[in-house]
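Everything below concerns the one structure shown next.
Naming follows writing order (A, B, C and D), and every chain is counted from residue 1.
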Amino acid sequence: MASVPSVRPGATASRHRGAVPALAAVALALTLLAVFLAYADASFNGYRLQIVTLVAINATIAVALTLTSGFTGVFSLGQIGFLAIGAYVGALLNLAPQWKSEMFLPGLPGWLAAFDTTGWHPQVALLFACLVGGIVAATVATLVGMPLMRLSGHYVAVATMGFLIIVHSVANNWSGVTRGARGLSQIPSYTNVWAAYGCALVAIYAAWRLRVSPYGRAMIASRENLIAARAVGVNVHRSRMIAFVVGAFLTGAAGPLLAHQIGSVAPSAYYFTTTFNVVIMVVLGGMGSISGAVLGAAIMTLAPEYLRGVEDGMDLGPLSFGALFGLSQIILAIAFILVMIFRPQGFFGDRELGLGLLRRRGPRQDGDEAEVTPTLAPGLDVGPGDGASR
Amino acid sequence: MSASEFGQQFVNALGLGSIYALVAIGLAMVFGILRLINFAHGEVLMLGAFAAYYFAAAGLPFLVVVLLAVLTTVAIGLLMERVAYRGIRGAPDVALLLTSLAVSIALQNGALLAFDAQPKPFPTPAAIQEQLTVGGIQISVTNLVTVGVALLLMALLTLFVTRTRLGTAMRATAENAMAAQLMGINLSTVIVAAFAIGSALAAVAGILWGARVGRIEPLMGFIPVLKAFVATVIGGFGSIPGAVVGAYLLGFGEIYLVALLPGELSGYRDAFVFAALIVILLFRPQGILGSSEPEKI
Amino acid sequence: MEALPTTDGRLDGERGERPGETALRATGVGRSFRGLHALTDYGLELRRGEILGVIGPNGAGKTTLFNVITGFVPATAGRIALGERDITGLPPDRIASLGVARTFQNIRLFGRMSVLDNVKTAQQLNRRAGFWETLVTAPTFVRKERELDSRAMGHLESLGLGRFQSALAASLPYGSQRKLEIARALATEPRILLLDEPAAGMNAQETAELTEFIREIHGRFGLTVVVVEHDMSLIMRLCQRIQVLNYGRVIAEGTPAEIRTNRTVIEAYLGTE
Amino acid sequence: MSKSPNESSLVGAVSAQVREAPGGRLTRRVILRRGAAIGVSAPLLAAAISRAPRAAARQETPNALSGEPVVIGAPYNLTGALASLDNPARDGSQLAVDELNAGGGILGRPVELRIYDGKSDVTTVTNIVRQLVEEDQVSALVGLTDTSYVLAAAQVAQDNGVPYLDVGGTAPIITSVGDYVFMIPFGDNVQASVAAEFAQEQGWSTCALLLNEGMDYTKFLAQYFADRFDDDDIGGEIVSTLNYGMGDTDFSGQLTEFKNLAPQPDVLFISAGPDEIGTIVAQARAAGLTMPILGGDGYDTPLLTELGGPAANGVFFTTHQGIYGDDPAGQQFTAAFQEKTGQAPNSVFAALGYDGVRLMADAINRAGALDGDKVRDALAATQGYAGATGQISYEEGSRIPSKSVAIVEVRDLKPTLLKVVVPKTVAPA
C-alpha cells in the first residue's frame, strides 16, 4: 500500500465551525456586488451596462448548463433551445398589443394577443415573464427529457442537438406566432442589472443547494460511475431528469431577460453559435463547478468586447495591419485549444471557488490529476449550513 | 409521386448520400480510434475545395488538381492532428469535441480572411456538367460521377482495411485500443493514417460538393460535417459501414422529405430529419449497425 | 467499538424475517448473450444469515449471476424472489432499495467524490429529502442532512475509514478502496451483500485481513453474504456453503469439505488450475 | 482609431485580470506549442499583408480638412452567415468615406468610418451598436443588410436619438422602429409589385414559387410577390410553393418537384439571396426547367452569371436603378469602385453601402450640424438625391425611399436593362 493520503483532522467539526466566517464572506461578497451594481447602474453608459448585464445572463445559462451537464455528465447541446423558448414566451407576453395584432402575428391565440402588460410595473412584467418562460421551458424539458435522458454519452449530445434544431426550425417557420426569421422586435427594455443579477444569484443558489444535497450527490455519483450509482440505489433517470428540468427552468427564465435586454428575438440568436459559446463557458470554467461557470461566462462575455479593438488593425513597428475581422474569433479559438491542452479540466475542474479552496490549496502535483489528490478535495463536500462555496 | 420523379429523386439522393458518406467515413474513422468527433473535418473539406479552386486557376489538368488538393488536405489533416489533437488525447469527450470546434472556428475565420467571404464559382469540368436522359429520367453526370467516385473509394477503403497490415491495425484499434497497443500496434501510426485517409476523402468530398453546388465559400464545411455527424450516429458511432449506411439514409431522407412534404411544411424539413434521428436513437441507441454490447461490469 | 448506526435488528422486525428462512430464491434462471449461454437453469435457496461462496473457472458465469440478481442484466429465463417478493426484471436501483447490495470485480467508486460522500450517497437511499425543502434549505432538510452526516461518519469510523473522510475516493490506496466499496454497499443497509472477487489483487496478508473483515461485518450487521472469489483460502475459511459453476451451470454444491473432495469439481475446476 | 486609455478601463481591466489567471500556469510547453499555433494563424497573416495597403491609404488625411473627424458608425456582419453580403457593403461605405475625405469631408471636417463586426449574431450586433453610439459617440450610423439585424440595431439608434440609415434590409417594417431610422433600398413590397406587374405584361399567368423561409428578405419578397400576383387586376396563380433552408446548397429536391408539375408553370419566381441564386439557376436549368426565372435585387451580383453560367440567360430580376443604363451617379460609382479595388463592384450591396454614407454625409451637410434631431430632419427632407442605386426621396411621413425600380434581363451572360418603372399598385407593407 503506497502513499497514505494526508488527512485533515476533524474535518467535520471544522466544517461546522467554518460556517459563520463563510456566511460573513458571502454577505461581504453580496454587499460588494450590490455596491458595484449600484455604481454601474448610476454611472455606466448603456453599452457598459449591457455588458455587465450580459455577464449575469450568460452566468445564469452557464450555471444551468453546469447543473444539467456538469453534475450529471449528460452532455446537452439543447440548452439554447430552452433559452429560445423562454425568450419567445417573454416577448409574446410583454409585447405591446399593437405589435401582437392580427396584422403582425396572425397565428397568435386571441387571449395571448389581447394579453396586455403595458400597464404593469416593468419589473413585475419581467418577473412574470421569467416565471412563465421558466415554467414553459421546464414543461417542454419534462416531455423531451423523459425519453432523451435514457440515452448517454455522445447520443445525448446528438439527440439534444436535434432538439435545438427542431426548436430553431419551429421558430423559423411558425411565422404566425414567431414571425419566422424576422423575429419579434419592439420588445420593451425592462431588463436592468438588478433583475439580471437577481436571476443569476437565484440560479447559483439553486444549483448550489442541489449540489450539496442528496440530489446533487446522486447526480455526481451517476456521472462518476453509472453502474455503481445504480447499485447503491440511485435512480439515474430521475436524477438526470431533475437536473435537466431545473436547468431548463433556469435557462428558460433567463430568456425573457435576454429578450428584454436586446429588444428583439430572432431564431439566429438562439442557435449553434450561442450554444457553443455557452458550452465553452462551462468547459472553460470546469465542468461541474458552479463558480467555474460564472467565471467562464464572465470571460466569454468580456473577452470578445476586449478583443474588438484588436480587429481594427494595428501597427507593429514598421508593419501596419489593416482591419482583420474574424481575428477575435481566431484568438479565442486558439486560446481555448491551449486551455484544453494544458488544463483539460478547465480552470476549476470540479472544485468551487471559496474559502475552502484558498485554505486547502496544497502543493500542485504535476500533470492534470491534481484534483484527485486529497489535499485538493473539492470545496463541494460541504454539509448543511456551510456557506463556503458561492 | 410519379415514377420518373421518383427515379430522378433517387439519383439525386444517391449523389447527396455519397458525399455525406465520404465525409462520414472520415468522421467515423477518427471517432473509432480517438473518440473525437472532429468538427473541423468540415473545414478540411472546405480547404480541399479551395485548394482545387486555386490549382485549377493555375491552369492544371483536372486530375492533377484533384491529386494536389488531396495532398493539401492530407497535410492539413496531419498538421491539425499534430497541433491541436495530439496534446489532448484521452481527454474527456466534451473537451475533445469542443477543441475540434475551436479548430473549426479558427480555420473558418482564417479562411474568411484569406479567401474573402464572397462565394467563388467552382471550376467544374464541362464534361461532367452535362445532363443525360435515360428512359424519361433526367440524370446529371455530376451525380453519376459522384456516386461512381464514392463507390470506388469505398471499395478501395474496404480493401485497405481488410487486406493490409495498417488497415487491420486500424480496425483492431477501433475495436479495442488498449488491446491493440498491447499487441504492438503503434497508436500514433494508426491515428496519423486515420487522419490522412479521412482528409483525403474530405478533399474529394469537397470537390464533389463544389461540383454539385457550383460554388465554394469559407463557411461551406459546416453543413456537410453536421450531416455526416448525424449519419455516423444513425449508423452507429465509429462504425465505417454504419456511417455509409447512415449517410445514404440521410441523403434519401432529406431528398424525399422535401419531395413529399407539402410546400408550407417543407421549411420544417430539418425538424423532421432530426425528430426521426431522435426516434432512431431511442429505439436503437447504438445506431443501426452499431453493436449493442452491454458495458462490462 | 461504538454502537453502529446501522443495525439489522430493525430490519428483522420490520421485514418479519427469521434466521434460517430463505432470503433469496432463484429458480431456473438463465441468461444468454446472442445465443451464448452464460447462465443456464440456475437455482439457489439462499438461507438467511449464511455465507455462500460461488466459485468456478473464468467465464463460468459468476459475474453474470451477480448481474442477473442485481438487475443489471435481465434474466432471459426463470424467476428470482427476495423473500416473498418477486424481483425478476426490476431495475438495479429498485433491487438495491429492496435490500440487495453488491461490490464489483473491478472497483467502482465515485472517484471524484469524497469518501464521506461516497457513503452518504449510498446511505441516502433510505432517507429521501423533498425537492422543495432542499431548495429552500428548510430546517427539516438541515436536520436530515446532519443525521446523514453523522451516520455516515459513524459508519466510516466503525470500518476504520474515518480518517479518510474528506479525501477523494480515487486517491485512496487500493486496499482502502476495496474496503470503501464494501462500506458503501453496507451503507444501503442491505439484507444480502454480494461480493464480487473482493480479494482480487491482494496479497496473502491482505486477503487474510479482508477475510476477517467480511466475517466481522457479517456478524455485526447480521448479513446474508454471497461471495464470488478465485482465492480458495478466502472461500474455504469464510463460507458455510459453496456452489461451483461451470459453463453457466451449477455442477456441485455443498460444504467446503464436500467441495474439496468432489470429483466433478476437481475435474472441471481444480484440475484446470 | 485609437481608444483613449480611460475608455477601455472597465472591460479592459477585467479582461486583463482574467487573462492573467491561466497565463501563469501555461509555462514551458506553451513556448513549444506557440510555434504550432502560428501554423494555424498563417492564413490570417497572409490576409493581413494583402490588406495592409488599403488600411494605410485610409489613414491619410487630406490637408484641406481640419478639425476633429466626424465619426460614422458602421456595424456590419463581416464574419458568419451574413459575411458575403455585408463585406461588399462595407467596401462601398469605405469607398464613400475615402471620397469624402478626398473631397470636402463633412462640414469641412475629415470623416472616419468606425467599423465593427457583428458576427452575424443579434446580441453582438446590439453590443457593437451600443458601443458605437454610447462609447464611441458616433454622430450617425450606416450599415447592416439583413432585416433581423437591422431591427436590433435600429432600436438602439432610435433609443439614443442617433440617425441610422439601413443599407440592405428591405422589409418595410424596419422604419416602424422610429423616426431616426431610414432605409436606403426600396421596400420589398415595391420591387415585388413591379415584378408581379412585369410578369402580367409578359403573359406569364402561372408561377411556381421557391423561397427561404429562414431569411427575411426572401420570405418578404415572396410574400409580397404572391399577394400582388394574386390580385384581381393581375389574376395570376401560384401553382406551387417550396421552401429551402438557410445555408442550403443543394436544391435538386425542390427543383425536381417543379419539373414534375404538369402543366409546367409559365415562370419561376425564386426568392433567393445572392449566395444561392447562381446555384439555383444552374441547378434549375440542369433539372430541365427552361421557363423564365424571375426574382428580386438579391440576384444582382456577378455570382449569378459566374455560378449560373449559360443557365443565367433568361433570368429576369428587379433591382436598383443606377448601375445599369446610363445613370451618371451609378457609372461614377462603378468607375470609382473599379479604380479603388481593381474590380467591378461584385454586389449591389456595395452600391447601397456607398449610398448610405454619401446620403448621410449629404444630410449632415444640409443640417449644418451633427445634432441628431437636425440630421434626422434633414434626412427626412431628402428629395431627389442622386444615388448610385437611383434617385432617393422620402415622402412626407415615410422613411422608405420612393425609388424607381429597374427591370433587368440576363442576355448573353450580361445583365441588360429592360426598363425603369414605378409600380402601379404597391402591395401594402
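In the analysis below, a residue touches a chain if its C-beta (ideal position, glycine included) is under 8 Å from a C-beta of that chain, and two chains touch if they have at least 3 such contacts.
Bear in mind that the values here come from a model prediction, so they are computed numbers and not experimental data.
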item: Most distant chain from chain B by Cα centroid; value: C
item: Geometric centre: closest chain by C-alpha means; value: A
item: Chain centre separation in whole Å, for chain C relative to chain B (CA means); value: 48
item: Chain A and chain D, separation of their C-alpha mean positions in angstrom; value: 34
item: Centre-of-Cα separation between chain D and chain C, whole angstrom; value: 70
item: Between chain A and chain B, centroid-to-centroid distance (C-alpha), Å; value: 33
item: Residues of chain C engaged with two or more neighbouring chains; value: 72, 104
item: Chain A: positions in contact with at least two other chains; value: 172-173, 227, 324-327, 329-330, 334, 337, 341-342
item: Shared interface positions of chain D, touching two or more other chains; value: 33, 37, 40-41, 44, 47-48, 78-81, 213-214
item: Footprint of chain B on chain A - complex, ascending; value: 69, 75, 147-148, 150-151, 153-155, 157-159, 161-163, 165-166, 168-170, 172-173, 227, 276, 279-280, 283, 287, 324-327, 329-330, 332-334, 336-337, 340-342, 344
item: Contact set on chain C toward chain A in their complex; value: 70, 72, 91-93, 96-97, 101-102, 104, 108-114, 116-118, 120-122, 124-125, 127-129, 131, 134-135, 137, 141-142, 145-146, 148-149, 153, 163-168, 170-176, 184-185, 187-188
item: Sites on chain B touched by chain D in the complex; value: 1-2, 4-5, 8-9, 12, 16, 79, 82-84, 87, 103, 106-107, 109-114, 116-119, 121, 129, 131, 138, 140, 209, 212-215, 217-220, 222-223, 254-256, 258-259, 263-264, 266-267, 269-270
item: Partner chain C, residues of chain A touching it in the complex; value: 1-5, 7-8, 11-12, 206, 209-210, 213-215, 217-218, 220-221, 224-225, 227-236, 242, 350, 371-374, 377-378, 381, 383-385
item: Chain B partner contacts - residues on chain D that touch it in the complex; value: 33, 36-37, 39-44, 46-48, 78-81, 83-84, 86-88, 213-214, 240-243, 245, 247-250, 252-254, 256-257, 259-260, 275, 278-279, 282-283, 286-288, 303, 306-307, 346-347
